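Chain lettering (A, B, C, D, E and F) follows the sequence in which the chains are written, and residue indices restart at 1 in each chain.
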């Protein structure tokens, strides 16, 4: 069985820098897989990605040693099991707001007797090895997203769910739920920041790994410094969008004078 | 007939900042189309993109007012005509090394009596209007790539091809051909830079528009300042790759101290 | 934020003629988007279309100013939210038979505090503008399908669901449910027609927009005349099928005599 | 070996009504395959269709007994052979203007010793039978398109090419080439109509089957009456576009009065 | 209405040998459809196949007379109805553990008044005939998978569900659930074999058809001999994997001596 | 630069057992890549595979250490260069019948000054390393297919082409060309076998590697024993087809008696 790179990293006391894929393309996934992240998550919830595309992306990631994760669109056993069968080594499930929602999530990710995952790891056993079914329960990482006031109110209930490995904070939804306003990379002193700290503390109390989504390397580093074991920076789409806009702006800035040179030239048409 | 944005831009004496698509995804194309470029080129030669994917990308670009171009894989009338039928408003053709190669390129892009393009603008007439066939010969832009020593040796022959609107310099291939070494954004005083200047001068002499591929906004601005009417910066793949690597590096840089904080924590596993 | 064209149309007191997409192709979608409809619905329930294809179709529709809607396959928050994130400006949800089913539908379509939609409008914010999250709750249209006897029996309950904008009648399923027989474009005096009238009256009572699926332009016009604010005609697949069969039949009809001419000729083989 | 339905039809002295596919979708292909055509052509030249999509479409057509043909994008042996291997029972090749172009077309479609088609009918032998390679040379139909003045000037040369089964007239390109103007369904007395008659007469003289593209059932019937053995009507895209526009127009026409009814109603928003 | 081949086979007192598709490819599906199976199942649960791919595969299977079935990913009405609309003539649903789960499965597969399937058999009515909606309730086969201890404990409850046609045993999951260990083709005398016998006996008692998944032709034949009416052998992926490994091994075995011959040769590089 | 596994194997004096991909699926490719072959060839000529699908397949193969090759559809620089840019480490080109055809093949595969390959190894440089362009000329393997009488007549001319690394015999086409009959795995004493021996001898004389396609492990072992450095066995499609037919036949064989058991049972319907 292929080792889960995140578990090894964490057992070494280190934290993961996680890449985030929303572009439905196996080539952008392969580019991201070569960029130095410790793990990469295929976002099947808000990314423009469905299952069949995710399979190609999992294959592309598997050309490297990076650990592939997937955020599933919803807490639905059908898609969770399909995603694991395709070779994801961890699942991030959105909107887990209660113990009643956390338990079926875990059940869907674990083979009996720990859960009710159905047997058929068609690609996972190619990618991880023919003994996948023997070791998968100890390898696959189950993340519950904590991203609503309801979840914050029931942290102990959720975090004590047997078999739940990790939580993942979605700061944008958390902000919407707590304040009615969208936001990211919340500053210290805000309601959102206080909630993040409370979630992290609760996770540590329960021995559950804590991860978080961020909007910048600086905030990611800060979160890791605070004790998060995994921090995501933005997404492939955002990185591309910002880089493209910056490139265009840089030409405009550099031209200033050179704009004149062209304008002065006789027009080609 | 929809106006060709590049022709309008050029007739105003301005130059185009051109985006470059190599990711086979209509969503990355749509993101790029919103990033401020004046035109966008789908690279069907070195990009991981074939015709069917290019159609989706042309549709995505058409959600904006940006002018869509395509670099075809080779000087082949079948794919050139299919690409124009799908709605590209200009074609960049690689490796035009002689008048004998430039003429069929132009023929493939023009309806009779100017050329031999076959009639059937199935998507172009939706996108550009039902009078597409009447105006296409005056709208579609034909670019021949000048990227070999052979082409430099026959500049006047190539540039005097009737109906050739523009040339596009591929500095990497040009460098390979002139020096046997790969390279980009060549410095003044090099053989490659001299060739670029000579090509530009010849193009101006023949009233042919000159475009060039560059590796940075700074070099693009410089080329526009020198008189190029279109400069491309890198590609979506390169922008994504560099942005992703920079983000990971920035976390590592910012951690320094915070790395300790995690390592000091008891490992979650 | 891009204005929702249907809301503008309705606020002007006009009704929408709605096109219906069941062919899994972005090009047929683009053709339909140029045909004069006021809105177009991608049918992810009975159409042969899944999410990834729907994304391409939404891009194709976005090359025009037509308002894109989507019928989701079922009342499932995962696919409803993904469809909205991809840029649909309204959702039609099948088989809403009770208040207990209508409420989670609305919740899935509205950001907090009005609902529980998760934040991540990855393509919607490109298509509609970067302030999408601020205005989406007031723009996105939520349609509940009324298409069973059970729903007719609980009209007031369903129609008074806070945040429910509209209902959409599926006359085929309604007929199945009321009579055990399949049928369309029901004549006055039938049980089905009476139910349609009752649904329309209830919708008006509750200030809820009413739409309906029809099988012909004549019936669509009649329904609009009765007070429906949106009427769909058939589907792309049906339009194509009928047009193709009519073309073949017209040749057979026109030949009569000409058939002889060929038969009289010596066979080419 | 599965019989080629067109050869049987022709040997019975009848003519074929041919459907035309330009939508890149196997489902629209399957709908067209059920509409009563005698044969169906996948247009890989002007249709928005490439090879991989064409394979799905050939499979869809093979769910019926209709004879599948394909128009290839260009006279290129690679794509011609791939298309035949995928199960097309005939190939229509655009822009055959001379004997020098007709001969390699035939060569690409025939196994040795009659030609140079490479052996590997991977899907054709599933679809047609395991003895495909023995009989394919007698079954596959090779059509050369006659659509330029150059071709008209060399009719006897082209039509006497050994192994050329059929010609197919492209009236739009022919019109462009003869008159510089686009046009279809040319009236008697025009230059184009005279050319069509001349081509048909020459084909009959050489024992070559003649087919033609038309824009309406009436013109198709007329052409069959004149002696054409195959007439195409429009395309799936055109049929859909016209049907959709007609449906919208019919609602507008029928409303007249009913428009008032809606406007009189209080606006739902 | 096209007859359901499995119902005819069973009414003749024969059993079905069922092929199993997990490769997401319409061409492998077409190859399998020509291999002599009585029916073929597209596995949308553990196969790497989603809905859009399944549509292409259903089309490919429909080029033959084989009966197409589909295993859906989960007991979800949205995907069950979409799969039937696309032309599957039977549905195998995983993990039916109670009467409460069996009833909605049946409801999703039957039109009113027997169930709540929504009307819109878009491809099914092309494939099966325009009277599909009249006869589908008597034709479509509903299989509940029995594959857990919980299901075995409630056999009579499940098997007496009105409208349930058949059950299908998943021996791997059953083994996991009964013993905590993965396994296949269980030997007589094991707990698993006893359970299989008990399930078969209960099915016969209730007049419900019984099918089972096996790992070899021998075990399949044995199961049919025991009274199963349908037995699956492995999957396309397993057949390919085993055949490829056997081919490589056979070369190594055959070489022994010949290996020397090559090694003795001077290396080409 | 990633080492080319075939070159290493050959330099060790060993021969390669080559797998052959004709199914257009990245998952079947991944299965094949785990089956023990030394190299795997994506057949873009007779396989049902085009460029975009081949990219996914190259990614899937890259999840292992197997060397990926591709057979291109024709001797066309556009597709040859695209295939290399996508990461194929060798190209097999069909129907090379003369020196005039061999030279442009080599030119398309080599960067200047050895050839005219255009620079842009977009995926190859991810897969092989950022120094790809420096080493590719020494790594990429160029195979010319020898498969016609014409080629056999000009062996020395073809084999002395500078930069041609290898030849690959297509015995089916060779048989067609030499005898007018299709055939495989030709027995000693036949014209075909004599030609194969002559080709092998000539290749060794010129220091060119020789590979061959075969239909069975036994013949592959025999060819390696004769001195071939690479032997392919069949294809994925053939392996699947034969394994599926064998499985069905084995059930029929095993049933004999058990068939009775079922028939004796009362029919379930």
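Note that in this section contacts are C-beta pairs under 8 Å (C-beta built on N, C-alpha and C of every residue); 3 or more make two chains touch, one makes a residue touch a chain.
What you see is a predicted model; the values in this text were computed from it and never measured.
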Contacts shared by subunit D with subunit F include exactly B, E
Computed over C-alpha atoms, the centroid farthest from that of subunit F is that of chain C
Maximum distance between Cα centroids and subunit D occurs for chain A
Ranking B-C and A-E by C-beta pairs in contact puts on top A-E
Rounded to the nearest Å, the gap between Cα centres of subunit A and subunit D is 50
Separation of the C-alpha centres, subunit A versus subunit F, in whole Å, is 40
Distance in whole angstrom between the CA centres of subunit C and subunit E is 34
Touching two or more other chains in subunit A are residues 24, 27, 31, 34, 48, 50, 52, 55, 76, 79, 123, 237
Inter-chain touches occur between A-B, A-C, A-E, A-F, B-C, B-D, B-F, C-D, C-E, D-E, D-F, E-F
In their shared complex, subunit D is touched by residues of subunit B numbered 50-52, 55, 76-79, 81-82, 85-86, 111-113, 116, 118-123, 133-134
Interface with subunit F, subunit B side, in the complex: residues 22, 24, 43, 45-50, 52-53, 72-74, 76, 79, 94-95, 147-148, 170, 172-173, 176-177, 180, 182, 237
Counting only contacts in the complex, subunit D reaches subunit C at residues 7, 10-15, 17, 19, 23-25, 27-28, 31-32, 34-37, 48, 166, 207-209, 217-218, 220-222, 224-227, 229, 231, 233-234, 236-237, 239-245, 247-255, 257-259, 261-269
In their shared complex, subunit A is touched by residues of subunit F numbered 26-27, 30-31, 34, 55-56, 59-60, 62-63, 123, 126-127
